Amino acid sequence: MSNEVMPLSILTTGGTIEKIYDEFEGSLQNRETIVRNKILQKLRLPYTDISVKQIMSKDSLFMDDKDREYILGCIKETENSGRPIVILHGTDTLDITSRFCFENYPEIKVAVVFTGAMKPLGFDDSDATQNVIEAIFAARILSPGYYATFHGKLFKVPNLRKNKKLGTFEEIN
Amino acid sequence: MSNEVMPLSILTTGGTIEKIYDEFEGSLQNRETIVRNKILQKLRLPYTDISVKQIMSKDSLFMDDKDREYILGCIKETENSGRPIVILHGTDTLDITSRFCFENYPEIKVAVVFTGAMKPLGFDDSDATQNVIEAIFAARILSPGYYATFHGKLFKVPNLRKNKKLGTFEEIN
Amino acid sequence: MSNEVMPLSILTTGGTIEKIYDEFEGSLQNRETIVRNKILQKLRLPYTDISVKQIMSKDSLFMDDKDREYILGCIKETENSGRPIVILHGTDTLDITSRFCFENYPEIKVAVVFTGAMKPLGFDDSDATQNVIEAIFAARILSPGYYATFHGKLFKVPNLRKNKKLGTFEEIN
Amino acid sequence: MSNEVMPLSILTTGGTIEKIYDEFEGSLQNRETIVRNKILQKLRLPYTDISVKQIMSKDSLFMDDKDREYILGCIKETENSGRPIVILHGTDTLDITSRFCFENYPEIKVAVVFTGAMKPLGFDDSDATQNVIEAIFAARILSPGYYATFHGKLFKVPNLRKNKKLGTFEEIN
């Protein structure tokens, strides 16, 4: 029983982590999710059955409360299955979206772990793979509630904010 | 205070994870530790201050109780500093060494997380980086005791054994 | 004698190949040259002594004849040392700059090989490393004149143009 | 016409370049060819149509004249198609095999380029990809005859030998 495969959902919303380089435009864009091909396929997760669902494809600077309402709706829908949830999200408003969920639906019954990246996952020195590994690991073991993982650190929502100068997140009280 | 850097110790003992290819011999060998240059330098860990100490350099198939006594001695020495500990260890007897520590010194006052890899860290599809990321993350947040992390899963020592057929670890009761 | 180290110059002008991701701006920019750290340090070139000189840092769409005059001046200066030359250049006007050199200074006495990339060198699936390996290899063995290498193919200047649809270069007569 | 796709054959014989890590044995072995998945799929070669054929799977230290006779037979068979040929070969006797071909069949009508690697292609700092890029590039542009490429340098067979101390090849007269 203890070796059962645990189902886990990744909901992708866009953000730096999944920006793709368009060779014709010469620019970085949020299009389709690439976390499966570029990260998950390189990991070994024999005890985790991951489903990936793209629910949005936005730079988080351009998200508004309607978007956050929609994200929370997707979380609630996934919650029914009992699966822990990882949310890939732009770092600029990751704290706002996670706080929005915490404040509007504190009674969440699964672990929801937000993460993102400072550098898109296609770069060879991106922090995306590290952050996703940590988020999946955390989502598997944490009790129900909202969290974020970033650069080796676990945050309890809403006690975090982006530190733009250092290019990471920090705790607030 | 909550953004303080946490000191953490990695003790390396050899094993597949740190086997290095010798171009002159054409073979894989345990020599010096390379976890800092090949893994840690590529991670972003602004809140973790990691010291790496090579305490042994052995294929774990060739470890005996004297070696395990020595490893436990190093753990006790590090424990005094209060730092959580990650142990890099060969997978063939990782379960034996961790059980040895658990049985001989159950009163450990820090988190001690064992990990290793099926494929040496120099390979582009090695599982070493993933396992090390998980072990560091786990060591930072877990309460005192002995654990192992491997392929996304957290194990409580001594409830694990290697599954050679699947090339991973599994829980036992 | 035959095992002597051959000096070779790389002149960098900017372009997609050397665009760097700025984590604060979230955008790709031409700044300093990174070809040494991100490409050359990973190659084995025991018989080639490469000097890298950044002579410009421009998206080639914004180059004008003054810029091309300047690039040609740098080529002439390097030519005196007898070294073959590799020019890293944006792909959008690589054909124009190379033709400019060919028409204004056909009497060049060393091999000059232009190359660039469709995807910046920091991406894990960039074509930059391949193109640079080919350009260095070509510059070492070709007779004096102007060339371009791209995606496995050698071009004689001025018989090339960018094929934007296919994202590569093609021969013209 | 000048943009036609050029057919090219890669014949693989084993050697360090294609040694694969066996996670169960914990050792490096020559098994099936992996050059297509691990190298060719990452290159951009819109003007080259490469066929890969595994003709042997041996550490070149264990090759004898019968093996070399067989390799030469495969070269002759491929020669009829007019395609240039790249041979992946262990470095320990690459000079002997290439000299064998040169002495027994000097009238070859296509370019045949031998290469290999000091470090198997699965390592992230392997020289395999560089050497293969150079060999393909060379095979496309060279006149008929036997060559080797290694670490940025082109060799004319039989004027080469391995320099074990430096871990590369050098010219001999």
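Side notes on the structure shown:
Chains here go by letter, A, B, C and D, matching the order in which they are written, and residues are numbered from 1 within each.
We adopt the following convention: a residue touches a chain if its C-beta (ideal position, glycine included) is under 8 Å from a C-beta of that chain, and two chains touch if they have at least 3 such contacts.
A quick note: this is a predicted structure, and the numbers were derived from the prediction, not measured.
Following the contact convention of this document, no chain is adjacent to both chain C and chain D. Where the sister copies chain A and chain B meet, the same residue numbers recur on both sides for over half of the interface positions. Using the mean of the Cα atoms as each chain's centre, the chain most removed from chain C is B. Centroids of chain B and chain D (each the mean of its C-alpha atoms) stand 39 Å apart. Centroids of chain B and chain C (each the mean of its C-alpha atoms) stand 45 Å apart. Between the CA-based centres of chain A and chain B the separation comes to 27 Å, rounded to the whole angstrom. Residue positions of chain C touching 2 or more other chains, listed in rising order: 118, 125.
Two chains count as a pair here when they touch; such pairs are A-B, A-C, B-D, C-D. Remark: chain A residues 16, 21, 23-24, 26-28, 118-120, 122-125, 164, 167 touch chain C in the complex. Chain A meets chain B in the complex at residues 2-3, 42-48, 118, 125, 127, 130, 133-134, 136-138, 140-141, 149, 151-154, 159, 166, 168, 170-171, 173.
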